[in-house]
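Pasting a structure here, questions to come.
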Amino acid sequence: MSDFLQMGLTGLSLGLMYALIAIGLTLIFGVMRIIQYAHGEMFMLGAFALYYWHAELGLPYWAGVAFSAGLIFCLGAVLQVVLFKPLQGKNILYSLAVSLGLVLIISGSGQLLFGTTTKGIPSAVSGGMLIGGAYLSYERIVISAVSIGLIIALWAFLRHSVTGFAIRAVAEDPQTAALQGIRTDRIHWIAFGIGSAMAAIAGCMMGTLLSIVPTMGFLATIKAFMIVIMGGLGSVIGALVGGLILGMIDSVITTTISGDIAIILSFVVIFLILVFRPSGLFGQNWD
Amino acid sequence: MHELEARGLQMKFGGVTAIAGLDLTVEEGEIRGLIGPNGAGKTTFFNACSGRYPVTAGEIRYRGQKISGMKPHQIAAEGLVRTFQHVTLFKQFSVLKNVVAGNYLHSRHSYWGSLLRTRKTREAEAGSVARAREILDFVGLGALMDQQASTLAHGHQKMLGIAIALAAEPKMLLLDEPCAGMNSDESREMIHLVRRIRETGITIMLIEHDMKVVMGLCDRITVLNFGNEIADGTPEAVRANAQVREAYLGSQAHVA
Amino acid sequence: MRKTSPPLLMNRRRLLTTGAVALAAPALLPRSAFSQTHKTIKIGGAVPLSGPVAYWGHSTAQGFTDGAAVINAAGGVMINGEPHMLEVIDYDTKGEVADSRAATLRLVEQDKVKYVYSQAAASTVGMLQVTEPAGVLSIVACWGYLELFGKDYPLHFRAEMSDYEQGFAYLPFMQEKYGKDALKTAAFIGPNDQDGTDCHASYKRLMDYYGITQKSAEFYNWEDTDFYPIVAKTISDRPDFIVTSPSPPGITASIVKAARELGYTGPISSPAASETTTILEVAGEHADGVVLPVTNVSPSTDTQKAIEKRFMDRFGTFNALAGNYSWWIYSLKAAWEMAGTAEDTKAVAEALAQVQLDDTYVGHVKWGGEKSFGVARQGIYDCYTTTIDKGVAQVEDVRFPALPDDY
Amino acid sequence: MDKSDIIARPNRLVWGGLLALALVAPALVGFDLYMIHVGITISFNVALATSLWMIWSLGVISFAHAGFMGIGAYASALVLTKLGLSMWYGLWIGAAVSALFAMLIAVPLMRTRAVYFFMASWAVGEVIKRNFAYFKDFFGGWDGVFDIKPPVLDLGFLQIDFANRIAYYYLALFFVSLTVWIIYRMNASRTGTIWWAIHENELLAQHTGINVFRQKVVCFTIACTLVGVIGALYAHYQTYISPKSFDIWKSEFALVHLIVGGLTTVGGPVAGAISLTMVDEALRATGYFRTIFFGVVLIASVLLLPGGLETVPARIRKLFNRNSQK
């Protein structure tokens, strides 16, 4: 019995972590329609920002998370203004090519600046508890709590706050939004900054739980895109549900059968969703 | 046997009933008007006839053959071709290439032919270009052949839409608001063109809000309101019909 | 109808290609075309400097760069009384076979290099397709893929021991430490690429030799972030100990942490994780019962300390693996001087097989394996084994691997 | 005809010049074997980018492109290693197998549009690659397939052993020129008009009688067959293939060559593939900075040269005219 409980708990906490990576992408890809391939690099930079803040300088952990989120928010905003703004209105493939260039630059320079040795961030919380034979570390509880908190915060922000409403308006129809007096350029870089900051926070959480290396961004990007598609473009709840589904697939299938099957299966699920229900579980159809 | 016949046609989208049981017939060589206030189901009827949206219930027959289950490209092959309310063109193509593309059904096409540029393919393509030039002269866009479609004036773009439909060599043409957004002399030009199209033997059914155009052009007019037919007859009979006035002008129908 | 373009206009396509060729040509020209003051021996490196295995690529390159600088400073390599300077050129292979083949082609065909080193299975497989037919001597660190390539590779030297050879040092030590009957069954965790399958092949040969039954073998994705699922599956059928290879320190730490948190108490051995700081950092209080073969984290002899100091000054980082690779260039130097030539790679290869070194980072080094490979091309050296128990890392054992006599 | 046709019309001088340059290139570089290797890599990248451009004429980009190249490669490799049939059979079997799979996958795949197609094709590419990795005994798993010998052409009076790199260069050049010629010819004809009509306005194309679904499936199948053939050539040249040779990075670089080169004419992917492969090879000597520089070149060319390399001549012509008018 404890094996199933263990699989369930692992799947749940894994799912929440994946959702945390994906909600940032929901904002950038789902809402602003930019194929941000370098989302995983923001995740990686966030983790390293916390590493140098907390592990190297020994400054407090949670302040480190806030610092890393703020730093990557600015980076995301600058990138949007410098690289993605000139591409607005152009074919979406151009934003893909630019973000691909970003991936190469950031992961390449990451290996130079941070070195190739893997690092670890000592976590703020240690120890764990046993529930019916299954082990759940406090760390995972904290991280799951942070994930849920952030997801709800983003959902509320998009639904109820003025800027959140403006972001959704700009995503829906930039021209009409501009006519309503929304400064679309400002909204673009704010949304981009928030999305990147979310990825940075996910990086901090994952960084404490596992080891960090400059090339870890790539798989995070793949997982994030899978979740956003499964959950539905632009839907925050979709990102949460998509993350949990992927977390469960990874945990259960890897533990019972094998890791390779888990990945193949999740891609087949992605393909079927896109073919038979393009708007995903909760998203609205784009065109 | 009628050119176009709708029997008990119903069109529902989710809860909304766009067309609730429509019976309508169009005879060969006729210019048929289809009018009614916004949301009456006019364009939905065209979408049903052209196969763009599936028919919820009932049947549409073209020249006796049931077309309500067919795909748009199969219906076009039967000779029933439509234009679109909003300007729909191949924007990056030149005016000439737009019409050549429209001529797909009537120019032999084979992949091997394209690859090896066989004599048959070269002739078919030359024939297609010649036919396109003819149509463009017929429609009055002969001078703009090499311009890019997106650079044309609104009126000319509407004309090009009709030229593309004509390139498919239709036997019946469904014109969706041909004069929308046109000034008076452009409308007059369009009326003249529609008449000339009818003279080539093509049956025409058109949706139009400009009453001058409808009354001047149509042999018979059908009036739709909230998905039902409320009147059918000659232009004079329809103008005199109280129900039509009420549908259009709301409850103060008695205004002179 | 088409406006006639002015005749002298550069045609579109030719302008494009001539422009591109002009831009790229200088960078493609062979480097040796440049200054040529005295005789030099060029050593090429087809190593992964980016991608998931860059960690090992950099350590290997550091070994050669440092060695060449030291040897050149001491007057170079004396062949028939004539000093030869060493020049090291290394190209990145991104850890891919096709890219490594391209890099080696450039080294061998353009830079006219006669000695190439590489690291990790993918780069080595790509390099070998070029060096062996071209009569170029290659020296690599790779783990047990020789079965795939068969025996007919006389110019190919594997300087680092695979899990199989290392096993004959760390398994006897583990049996002494934990008791022979406490290690009846084993399980394997490794990456899902050539390196992983190579190490698994050596691991299997070793366990068969020692008669240890093998439980599950799990393969993770290089960029995987969470090891809970894989570790949960591995420990579900209760193996006595786990071997994870080749896993860098970070991934080893994650596996150790996950195993301890999931209640597994058996020892975990990681032959390729060569430094303990990350494991202590990441695994925290869970860092217990860890065995790191071929890892000397506390250099004791003065040569070892000198090497560590030099690497820190030159590169700013140092790990036990860089130390393990640092002796390769010195064995080549001894082979050149013994064979009296740097051109005839066959003679150098025969000489290299006899080379024995003593004061290296890994103590006594010799080449062996004639019976297995037809030529003594497997580097064998003293194995320092570091263990981590209850958060304390120490070098607990040093021994020369007791290889079977038919080896 | 229209704007894209004027540029696409066979400017024989340019294409002839490029082919002549390619034929003479080995002599130009003094038969430097490494440079000939770069030439062969350029040919493969040109074929990959142009066949991807063929799919782009429908208005969509397929990220399964490297996957289908893999299918062609694995089919011809396994036919050799398991059945002993040389590349001359392997090429056609590889083409047939990737055509078959392309058709099977195109039927569901073509139900999607724009970005959904893009993501669905990415999923297809991943599933193809990981199946090569998963079925260890048949496909060789992550170890891949070893010693795929290049073929020997025996014409009785003449034996050409394609292990010789210069011979392989001309073989690759022949197949690549054939691919570009096929794609160029299809595009400049009625078929091209149909596909670009679907690209411009799918709704209007369907209502003028074009069976859009069938056209999409046919175009996708032809493109994947062509890339399958190139996959077979790639396998026999590299003599070793593994799932990692056909991962997402290969599709991404093909797309990058296409975008930097230009999206409107077949000259675009050709120019993009040639220049970027040279840049990538030239940067090899920069060691660590290689990926960084390539990223910089990529971003710079997308931002500073909208429309890609193929617009360079038009820009120069404009510059040239402006100077002459002054």
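In order of appearance the chains are A, B, C and D, and numbering begins at 1 in each one.
One rule holds in what follows: a residue touches a chain if its C-beta (ideal position, glycine included) is under 8 Å from a C-beta of that chain, and two chains touch if they have at least 3 such contacts.
Because the structure is predicted, anything quoted here is derived from the model rather than measured.
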Greatest separation from chain A - chain, by CA centre: B
By mean Cα position, the chain sitting nearest the middle: D
Where chain B and chain D are represented by their mean Cα positions, the distance between them in whole Å: 42
Chain B and chain C: spacing of chain centres that average the CA atoms, whole Å: 73
Rounded Å distance, chain A centre to chain C centre (Cα mean): 35
Rounded Å distance, chain A centre to chain D centre (Cα mean): 33
Residues of chain A whose C-beta touches two or more other chains: 107-108, 111, 260, 263
Residues of chain D touching at least two other chains: 133, 288, 290-291
Chain B: positions in contact with at least two other chains: 146
Pairs of chains satisfying the touch condition: A-C, A-D, B-D, C-D
Residues on chain C engaged by chain D in the complex (per definition of touch): 2, 5-6, 9-17, 20-21, 23-24, 27-28, 30-31, 49-50, 90-92, 94, 96-98, 101-103, 105-106, 109-110, 122, 125-126, 129, 148, 192-194, 196-197
Contact footprint of chain D on chain A as seen in their complex: 33, 35, 83, 86-87, 90-94, 96-98, 100-105, 107-109, 111-112, 225, 229, 260-261, 263-264, 267-268, 270-271, 274-276, 278, 286-287
Residues of chain A that touch chain C when the two form their complex: 3, 6-7, 10, 14, 17, 55, 107-108, 111, 115-120, 122-123, 126, 128, 135, 137, 206, 209-213, 215-216, 218-220, 250-251, 254-256, 258-260, 262-263
Of all residues in chain C, those that touch chain A in their complex: 50-52, 54-55, 57-58, 192, 218-230, 232-233, 236, 248-251, 253-254, 261-263, 275, 278, 281-285, 317, 319
Interface residues, chain D side, partner chain A - complex: 61, 108-109, 111-116, 119-120, 122-124, 126-127, 130-131, 133-134, 252, 255-256, 259-260, 263, 288-292, 294-296, 298-299, 302-303, 306
